[in-house]
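Look at the two complexes coming up: subunit A is in both, with subunit B in one and subunit C in the other.
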Partner chain A sequence: MMKKLPEEKVTPFVEKLLKDYEVLGPIQTAGFVSFGRITSPGELKLNHQNSTKAPKEAFFPQWEVLFRYRSTGQSVEVQSTEDPGRTRILFGIRPCDIRAALLLDLVFDSLDSKDPYYINKRKGTIVVGLGCNHPVSTCFCPSVNGGPFSREGADLFMTDLGDGYLVEVLSRKGRKLLQYLNGKEASEEDKERAMAIEDSAARGISSVIEADGLMEKLEKMMEAPFWDFLHEKCLGCGICTYLCPTCHCFDIADEAFDLRGQRVRYWDSCQFPLFTLETSGHNPRPTGRERIRQRIMHKFNYFFSTHKAIACVGCGRCIIHCPVNLDIRRVIDDIHRE
Partner chain B sequence: MTFIGNNAASNSGEPLRNPYLPFPMRVERTFVETSDRMLKSFDLAFMDKTDEAGFRFQPGQFCEVSLLGKGEAPLGIASSPTEKPLLRFTVNRAGVVTRGLHHLEEGDEVGIRGPLGNSYPMDRFQGKNVVIIGGGFAFTTLRSLVVFMLDHKNRKKFKEITVIYGARAPGLLLYKEEMAQWERREDVNLYVTVDKGDEDWNGREGFVPEVVEEVGPSSVDAYAVICGPPIMIKFTFPKLADLAFSPERIYTSLERRMKCGVGKCGRCNIGPLYVCKDGPVFSYAELEELPKDY
Partner chain C sequence: MEEIQNKIRQEVAQLLSEGQVDFVIGFEQGSLPLRATPFFLRDIADANLLVWSPFCENNLATYLTKIQGKRVGLIAKGCDVRSVVALVVEKQIQRDHVVVIGVPCQGMVDRRRIEREVDGEILKAHQEGEEIVVEGRDFRKSLPWKKYLYPSCKRCEHRNPLIYDTLIGEKLVEEAEGAYHEIEAFEKLSPDERWSHFTEEASRCIRCYACRQACPMCYCAECFVDSSFPKWIEKGLDPSDVQFWHIVRAYHQTGRCVGCGACERACPMEIDLVYMTQKINRDVKELFGFEAGLDLDSPPALSTYRVDDQQEFIK
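Up next is the complex of A and B:
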């Protein structure tokens, strides 16, 4: 089902959604765009290419409480925080980031162990995707099974037509939002314009990585001299892992205040020495060589070997924000040349 | 500890078991194991019948043991399933949590998540000779294994059991009283050694690899399990190879910095496998297939 949401109806649409749902969307925060809870439609930055921080934090926050505890003298009460509250809408998420959520599902919702904090938030969220009319020079989603207008994983999908949005309903969860839409059925002309935008976006992708054969190539490269040099300019800042929509590593720690406290988890990075440092002093990944190898291997070999998918969605965030221009596209080219 | 509002499943229908929530256990007994007082054992009792019934484990598995306010540490279970309802952990004082554990007294509470990870392949060991080689304080899950096999209900399932255990000094040997009992048993061959004895020591002296060579356990119809400091493993492995133990017949247990214990937090992987859920027990044949990233 396709509807047309004219420009002037966007605000009333979001306002109605806000009455019944918690809405998360791309908003301007402290100098960059990230996904956060909005209280009015005006906060949405839908014309922005993509958020600096990936919206994975809607399901897997940078910092979250696992449980709280309180000592009452004789005993200790422990209260879990896995209930996410009311249903949320993730509004205006780009196709690469939706694909990232599908990849994270493989980790947090795996057959052998379920992560209730992630799963409850994920299942309690309606995903409203937004196609990318103008992919930027660092986008390479088609190389990793995505695309600027890939609908995979979206409940509703929006295409910006300039004078409004073409809205497609793709799931039962998405259908629930139809009643708020109040738009007309999309005309043939609207659909044709959307197709033209889609074609032009696909042509606008200029970056490519060669995913074919990458897994097999890396399989033989664990001890290659390649890693001895690759890490040399890396500062180990970890920004690539923090901004990556598929990175899922975290640490767990306790925060204690007198008789009460909480156990929290927060994003961690394989690029930090402390990530693997053992109490004995032994560190299985003691230098940048092992740590950068871990990052590349995990995304393009280990994850593939476990889940039959590459843990990269081609969003380009690690390329844009790396302070020393360590470019994953070139790294992959170089791996193929090895 | 009492729990409020866990297993919330407002959106997902089925309640999910929350793998991050510890259940409480009470310290029944603590005792210092070694003369340097760095190793202490804790016998823990379940406080909730449901937790006790749900806790089914095999030798080789571990738990995340937690002290609220301090954090968690992954510790191998040192007791055998045959010793339930008590669980034992033997703890080296090393970091924040283990230091906190050393301060516990009888009656105190700890949080437990587990059992986690795989176990020694007990079904493969059945009907076979089993050679157990341990060094220093890496004997914890090996104790679980030995006690399990020596249990009167289980002993007949295994053929000859040989235990070779060494420590740097007599005072650093774990489970001394139990070893003395095993010494008197006919159905286990026990060889205890120390790198260097003291004036009261009238046992064997020498490094574990040499003792393995001297004892020369047969590899026919046999499995070997080896846990100890890396240097001991490095020199013992060739001795086992000389005795014709194939890599498929040698098992070890790995340690890594582990947090979640369920294969999500991403730090304990060796190649595509996570030590916390795909290990900690691996055969040498399995390790040979994995990247040398440990």
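Up next is the complex of A and C:
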């Protein structure tokens, strides 16, 4: 089902959603866009290229309390902090980031491991996707099974027509939002314009990575001299992993205050030495060589062999934000040349 | 700049051919407009890939403490050289292990400010004399690049390398308005205003530690945030933990920061970081007459004492 949401009806639409739902969307913070909870439609910045920090935080926050505890001397009381009943809308998320959520589902919601903290948030979220009319030069989603108008994983999907949005209903969850949408059926002309925008966006993708054969190539490269040099200019910060929409490594710790405390989970990064430091003092990944190899191997080999998908969605965040311009596209090209 | 670039290439080719260094750290063309990227160069044939432009923004001295037992050629701006001096003084590197190819620096361009000057994505950029020409899908704009220097470059008083083995090109006239006038203005704000600036800036931190990793002076084998026994700090985004990180990071720089701005350039969340170290730099200068990275023979202010050190602060 396709509806047309004229420009002037966007505000009333979001206002109505806000009455019944918690809405997360792209908002301007300082000089850049990030996803956050909005309280009024005016805060939404829907013409954003993409947020600096990925919206994976909606399902997998950088830092979350799993439960609280208190020792009474005789026993320990444990109190859940989960709120499984919440329903939220993730509004204006780009197709690459939706694809990332589908990849995270493979990790946190698989047959043999269920992460309730992730699943509660994921299941309780309605995903309103927004197509990318103008992908930027660092976008390469089609190389990794995505696309600027890929609808996979969206409950509603919006195409910016310039004078409003074409809104498609793609799931039962998405259908629930129809009642808030005071729009007419989309006309044939609207649909044709949307198709033209979609075609032009696909043509606008200028970056490519060669995914075919990459896994097999890496399979034989564990001890290649390639890694001895690749890491040299890497600073060893966590930007690429923390801004990545598919990176999902975490650590768990107790934040204790006397007899009470909370168990928290927070993002961790394979680029930090502490990530693999063992209690004995031994570190199996002692230098940048092993750490950058881990990042590349995990995304393009290990994840693929486990889940039959590459753990990269081509969003370009690691390219744009790397302080030393270590570009994953060049890394992949160089791997193929090895 | 092209002339300087050619001289750098010649000098590096000679260093490598004479076997004076194992490798050279410089810059090559980046993969994005407005970017150059650090380049570890071993093969003389690659010397013509070296670039010199207003986009060579990284402090390359940060790599030196990670390199053991090699002789390194370093293409070094004024601030990179100050870091070399500070690292030698702190006994982290040996002076004779580094061949400093000093380049007087006209300042580096703040790419994010340039990006904000245009609507749409910059697809190409190049320098034409005093202008940076940026081009996108439907625009072409010339911007006077010296208006878009990083704040740390604008206040830089040591654009010329203070020590070097070879100097490329002519020395420049030092023309900064003074390193500390911004911090003097900041000090005039009320404590509430200063605290709210600090907490707002820190609230964007994602604890990626790019500021630490980009800093030549952050070389501790174990950073206090990574210690689990004792655990000094939690790892999440509780404001008190994030603020604690930023305060201690700045304090650990006391008398050590050379003001290169590498921390701010690396920060993906564009957090105002340098004002804190600037404040401490100025205090150390006033109290002890010391600025980091100026003199190979002066020990760091906090690692030594003189009988005439100021002591009014001891109550």
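Everything below uses one rule, namely that the second predicted complex is superposed on the first by the 330 of 338 C-alpha atoms of A that agree within 3 Å, B and C clash if a C-alpha of one lies under 4 Å from a C-alpha of the other, contacts with A are read in each partner's own complex, and residues count from 1 in each chain.
In this text, a contact is a pair of C-beta atoms (placed from the backbone, for glycine too) under 8 Å apart; a residue touches a chain by one contact, two chains touch by 3 or more.
Note that the coordinates shown come from a computational prediction; the quantities given were computed from them, not determined experimentally.
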{"item": "Side-by-side fit of subunit B and subunit C on subunit A, or clash", "value": "fit"}
{"item": "Vertex subunit A angle, Cα centres of subunit C and subunit B, expressed to the nearest 10 degrees", "value": "90"}
{"item": "First (subunit B), second (subunit C), both or neither touched by A:E278", "value": "first"}
{"item": "Which of subunit B and subunit C A:S200 touches, first, second, both or neither", "value": "neither"}
{"item": "Which of subunit B and subunit C A:Q294 touches, first, second, both or neither", "value": "first"}
{"item": "Partner chain(s) touched by A:A253 [first = subunit B, second = subunit C, both, neither]", "value": "both"}
{"item": "Which of subunit B and subunit C A:G236 touches, first, second, both or neither", "value": "second"}
{"item": "Of subunit C and subunit B, partner touching more subunit A residues", "value": "B"}
{"item": "Partner chain(s) touched by A:E77 [first = subunit B, second = subunit C, both, neither]", "value": "first"}
{"item": "First, second, both or neither for A:V264, with subunit B first and subunit C second", "value": "second"}
{"item": "Gap in Å between nearest CA atoms once subunit C and subunit B share a frame through chain A", "value": "6"}
{"item": "Set intersection of subunit A contacts, subunit C complex versus subunit B complex", "value": "251, 253"}
{"item": "Touch list for subunit B against partner subunit A, complex", "value": "1-12, 16-22, 24, 66, 68-72, 94-95, 98, 109, 255-257, 259-260, 262-269, 271-272, 277, 291-294"}
{"item": "Residues on subunit C engaged by subunit A in the complex (per definition of touch)", "value": "30-32, 35-40, 58, 62-63, 66, 112, 116, 120-121, 123, 137, 204, 206-210, 212-214, 226, 228, 234-238, 265-266, 268-270"}
{"item": "Residues of subunit A touching subunit B in the complex", "value": "66-67, 69, 75-80, 82-85, 87, 107-108, 110, 112-117, 119-120, 123-124, 222-223, 248-254, 256, 261, 263, 265, 268, 270, 275-280, 284-285, 290, 293-294, 297-298, 301-303, 305-306"}
{"item": "Of all residues in subunit A, those that touch subunit C in their complex", "value": "29-32, 49, 52-53, 62-63, 134, 136-138, 229, 232-233, 235-239, 242-243, 251, 253, 255, 264, 266, 269, 272-274, 288, 319-321, 323-327, 329-330"}
